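Multiple structures are listed underneath, in structure tokens.
Heads up, the next two complexes both have subunit A, just with different partners, subunit B and then subunit C.
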Partner chain A sequence: MADTTLTAPRSRNRGLNLRFWLPLFWVVLLILAAVFAPWVAPRDPLAQDLFLERLPPFFMKGTEPGYWLGTDSLGRDVLSRMIYGARIALIVSFTAATLTCIFGSVLGLVAGYFGGWWDTVISRLVDIWMSFPPVLFAVLLVAVMGTGLWSVIAAIVLIDWTRFARVIRAETLVQARMDYVDSARIGGARRISTLVSEILPNVLPSIIALLTLEMGIAVIVEAILSFVNLSISSDDPTWGSMIAEGRGAIYFAWWVLLFPLIALFLTVLSFSQLGEGMKQRFDPVLQ
Partner chain B sequence: MFARTLLFRLSTALVTLFGVAVVVFVLVRVAPGNPIAMMLPPGATEEDIARLTALYGFDKSLPEQFVIWLGGVLQGDFGTSITLRQPVDQLVLSRLPATLELSVMALFIALALGGAVAVIGARRRGTGTELGLDLGSAAVLSIPDFLWGLLFVLLFGVLWPVLSISGRIDPRIEFEFATRFYVVEGILRGRFDVVGSTLAHMLMPAMALALPLAAMIAQVLKQNLKEVLRLDYTNLSRVHGFSETAVILRDALQNAALPTLTLVGVQFTFLIGGTVIVERLFAYEGLGNMAIDAVINRDLPLIQGIVLVFAVLFIAINLAVDLSYALLNPRLRNG
Partner chain C sequence: MTDRPTLDILQLTVTLRGGRKLLRDVSLKVQPGEVRALVGESGAGKSMIGKAVLGILPPNIKPTEGEILLDTHHLNAMTPVTRRRTVSKIASLIPQDPLTALNPVRKIGPQIVDPLIHIHGWSRDKARERARELLDRVQIRNTDRVLQSYPHELSGGMRQRVLIASAFAPSPRLIVADEPTTALDVTVQKQILRLIRELQQETGTAVLFVTHDMGVVAKISQRVSVLFAGRVMEDAATEDVFRNPQHPYTEALIAATPSYSDLNRSFSPVPPALIADLHAKIAAEEAAS
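And now, the complex of A and B:
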């Protein structure tokens, strides 16, 4: 039933390559902004200037030259904070998503291929984990581990591994029943090497698609944690903390909320589109 | 046969629930920071500390604490909130209705919106309309409720202020509630100003929660509809002169709905999970908002109680979905 929805985009791959290249362009732009932040950002993202507080963005009246996207309630430059915010967003996104992917996929492969007790224990753990509201779980984990970059990353890994484990387990179950697996075993391959060299390449497209999707999700989780003031230290500019600030000052300076929100929208949308694109690109059956 | 399925599902649910209890307990107890120290006024004596530690059972070993806690929970005693100084079960029950009403409203919106888009997409299958709806729902699906909520706050709270962006009801309305189900009670007692105000406050958070689910329903239901519409029995209706829309609504929808409903059941738990941050965003006085406060204040008994209630809710919904699928699906009914 779920498969039918995934096959839908395949029929129209020509002429819509923009769906792959536009998101890629945005992600590359973000990476460049993050890497070269000190050179690209017009100002110090932490510099406060109470004479320049709540300046509107360039297309409105009462703006100050050089502050393209305005300033927040402490007079800090919104554009510069967004550029520096891309750093934490991307660090969290790539690190957390990769670790989640490895952890969850390994458990999914093991549960799906070895079955038996492995499967029972891992599946039961997934059930238990999915009985928690993820946001509450994340907030609780960070509160337990203390705020900071690694806590945020650890919280994401500890919550979202179930996404990988469930999907990869199901796909492994399907692959494990295929004839080619039997052939490999008859050919004398050991179970673990069959898993790595025969099954893994066939579930890899799903892993890559999920990984890309997870990068978008990780950005959101970081933003949510920043929003409830439980992420990285409050000094570092993050999109989430800008959004929290903007939500508080929404009637005086709505642009403080708007611009990081646009960045989040584009980033999440891009990662999910890239995930779809990757799936089609790397699927051995489709090629 | 069905009894055996029921028994099996019930026992797995209980195992899951026990696992949840263990995880919650361990997680909350390894949290650093001494909650007792936070409760005491400055100048508290050693005796005060010892008394409170004993009162909340923090002086016993962890397994002992777990058994005591679980025993209490099984009797409906979730302990006392450290910050609010009230029984946890009362606090949870006072907030749960708000979250349930919000979740159910979001579910209805998602079903109506997603269903409508699916029917239109199936009606116009193979055209540009279908492609447009597909692209639209794929985009909507990938944006999480948190971002939709923020967008609505900005659009309908500030730039075009037509809806309230915080609270559950207009504080100027005077009404003595007997229950915490504001909408249900308002309808039953004929106070439509109460209903109107509550719904207006719920609309944006409910929309934020509903949109991703609506997009998913639109995709899956449309796909199922298209499959059913290829079957012969729908041709019979066409031969009888029914319009394509009538065929979809009269014949196809009923048979296409079952797989969609299973999906909706499972996704409904994700929607309820989303209320935690969406309630926070809209300062909506529900369980999720209270949960975040509890975590920030390190209110251990309250956190445990709230997480457990969510877990029971999720497990119950999954159980209900599994069982109703077994009941509704003719192929599974007899074995």
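And now, the complex of A and C:
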């Protein structure tokens, strides 16, 4: 009996494999492109050429060799700009998501496990924080702090730590009620070490899932901020600013908008899929 | 020396933040080598007594009056750190629910062995050896494979055996067993109960055995405390309680246990009227005082 219930989810995991490997493939590709951008990008992403403006992508008529995904209205190479854009997208997403994760998870763990006064203060703060509309909040923050990489990262952390705090608090509460926590306490463990060595490993799969999801969200937020011209300085190519620029030319140069949009979409989707996949991989109970 | 109890609870009152008393003037003793059963309906406060002894009361619940003596140590007078150290050396717990009593992300081996190393200061080899010995004793085959397993890879009965082995491993003076068989099915319950009784007799460990089943009380204990709404209603030798219950609630509990009630009579649960009546009486007493 026990054996059949054990094997059932395992075989289902095999069916999910593609849903894990495809997103992973995309993210790895993106990371490689970002790291090796100067060598991989076929052109200088900033070089303008007014004779080559609005070239269509390679599969259409009237292209120039070497401009695979066409050029924008200033004659800059779309593919090269996208590759450099991946750099910024990934830097923002990894840094912001990691900081958000650490900040929010620590608060969630403390609130869920220590309860009492800690929980009251942290939960109130989360409630108040969440009553601000997030995007407006981000735009306001960047407007106040000024544009730049660190403002964008700070904005993401400040908007989204509540997601971690809330979810991890709830999971910690569930774990803290389990008898194994009592057993650890009777076994002489201090409260803080019980939290770190007994409870944390049990909420870690959720933390990892949230972290990868957050990476996708950070990419979107960065794109939104670029879109409204509040992100990194407008010279650096970002997917959001490319989409914003492409918007004006959508009827006669749709590729300027479409390719960065697809990259954005695939990236966000991949991160959220990876989150689910990682959760299953890291959880011995689900495996 | 011989008559000094392993556990001596004196007029213990435990209070929920806000003032509600979950235990009131509870006194009970467990002598060395003795099994003391603790019975009562759900919510009577049975687990609360065990938790107060082991020092794992939730943060909003505190012992407010009375004393707990564990092997001559006055637990309530100690600082949290010394209390924890003292208790962890002397007492262990067999918990109610084997599903949640083992950490799901840690392997069985370290969960048994680590406390032996960290608290009792044993060498790793000695601790491993002891873990194997006890797993053998609780009739687990493939001890090496089990030590390498995660909890979800074992059945409920196996997990409870692991927990029993783990509780007995450091040769504690006192074991608190909090309804260790309720989560298991009937045939497994019997095996587990027999195992606890055998190990208890072999080692002479004092046991505080929480249950709500008078049948289990009769099988395992020498003395019994009947708890109702956080108070001790009756405290007597198990034999005497079955022969001549002093309290109507005890009588009703016995009647509610099929194999110990008169076989000609039909099985009757504790009458709700009696419970309501007792609660009313207690409320009146409280209002008077």
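Everything that follows uses one rule, which is that the second predicted complex is superposed on the first by the 275 of 287 C-alpha atoms of A that agree within 3 Å, B and C clash if a C-alpha of one lies under 4 Å from a C-alpha of the other, contacts with A are read in each partner's own complex, and residues count from 1 in each chain.
In the analysis below, contacts are C-beta pairs under 8 Å (C-beta built on N, C-alpha and C of every residue); 3 or more make two chains touch, one makes a residue touch a chain.
Since this is a predicted model, take the numbers as computed values, not measurements.
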Room on subunit A for both subunit B and subunit C (clash or fit): fit
Which superposed partner A:Glu245 touches (first subunit B, second subunit C, both, neither): neither
First (subunit B), second (subunit C), both or neither touched by A:Glu222: neither
Partner chain(s) touched by A:Gly115 [first = subunit B, second = subunit C, both, neither]: second
Partner chain(s) touched by A:Pro201 [first = subunit B, second = subunit C, both, neither]: second
Cα-centre angle that subunit B and subunit C span when viewed from subunit A, reported as a multiple of 10 degrees: 90
Touched partner set for A:Leu140, first subunit B, second subunit C, both or neither: first
Touched subunit A residues, subunit B compared with subunit C: B
First, second, both or neither for A:Asp160, with subunit B first and subunit C second: neither
Minimum Cα separation, subunit C to subunit B, after superposition on A (Å): 18
Residues of subunit A contacting subunit B in one complex and subunit C in the other: 2
Residue ranges of subunit A in contact with subunit C within the complex: 2, 6, 114-116, 178-180, 182-188, 190, 198, 201-202, 204, 283-285
Subunit A-facing residues of subunit B, complex: 12, 15-17, 19-20, 23, 27-28, 30-32, 131, 134, 138-139, 141-144, 146-147, 150-151, 153-154, 157-159, 165, 219-220, 223-224, 227, 259, 262-263, 269, 272-277, 280-281, 288, 291-292, 295-296, 298, 303, 306-307, 310-311, 314-315
Parts of subunit C lying in touch with subunit A, wherever the complex brings them together: 51, 54-56, 59-60, 84-85, 87-88, 91-93, 95-97, 100-106, 114-115, 118-119, 150, 152-153, 155
Touching residues (chain side subunit A, partner subunit B) in the complex: 1-2, 4-5, 8-9, 12, 124-125, 127-128, 130-137, 139-141, 143-144, 146, 216-217, 220, 223-224, 227-230, 243, 247, 250-251, 254, 257-258, 261, 264-265, 268-269, 272-273, 276
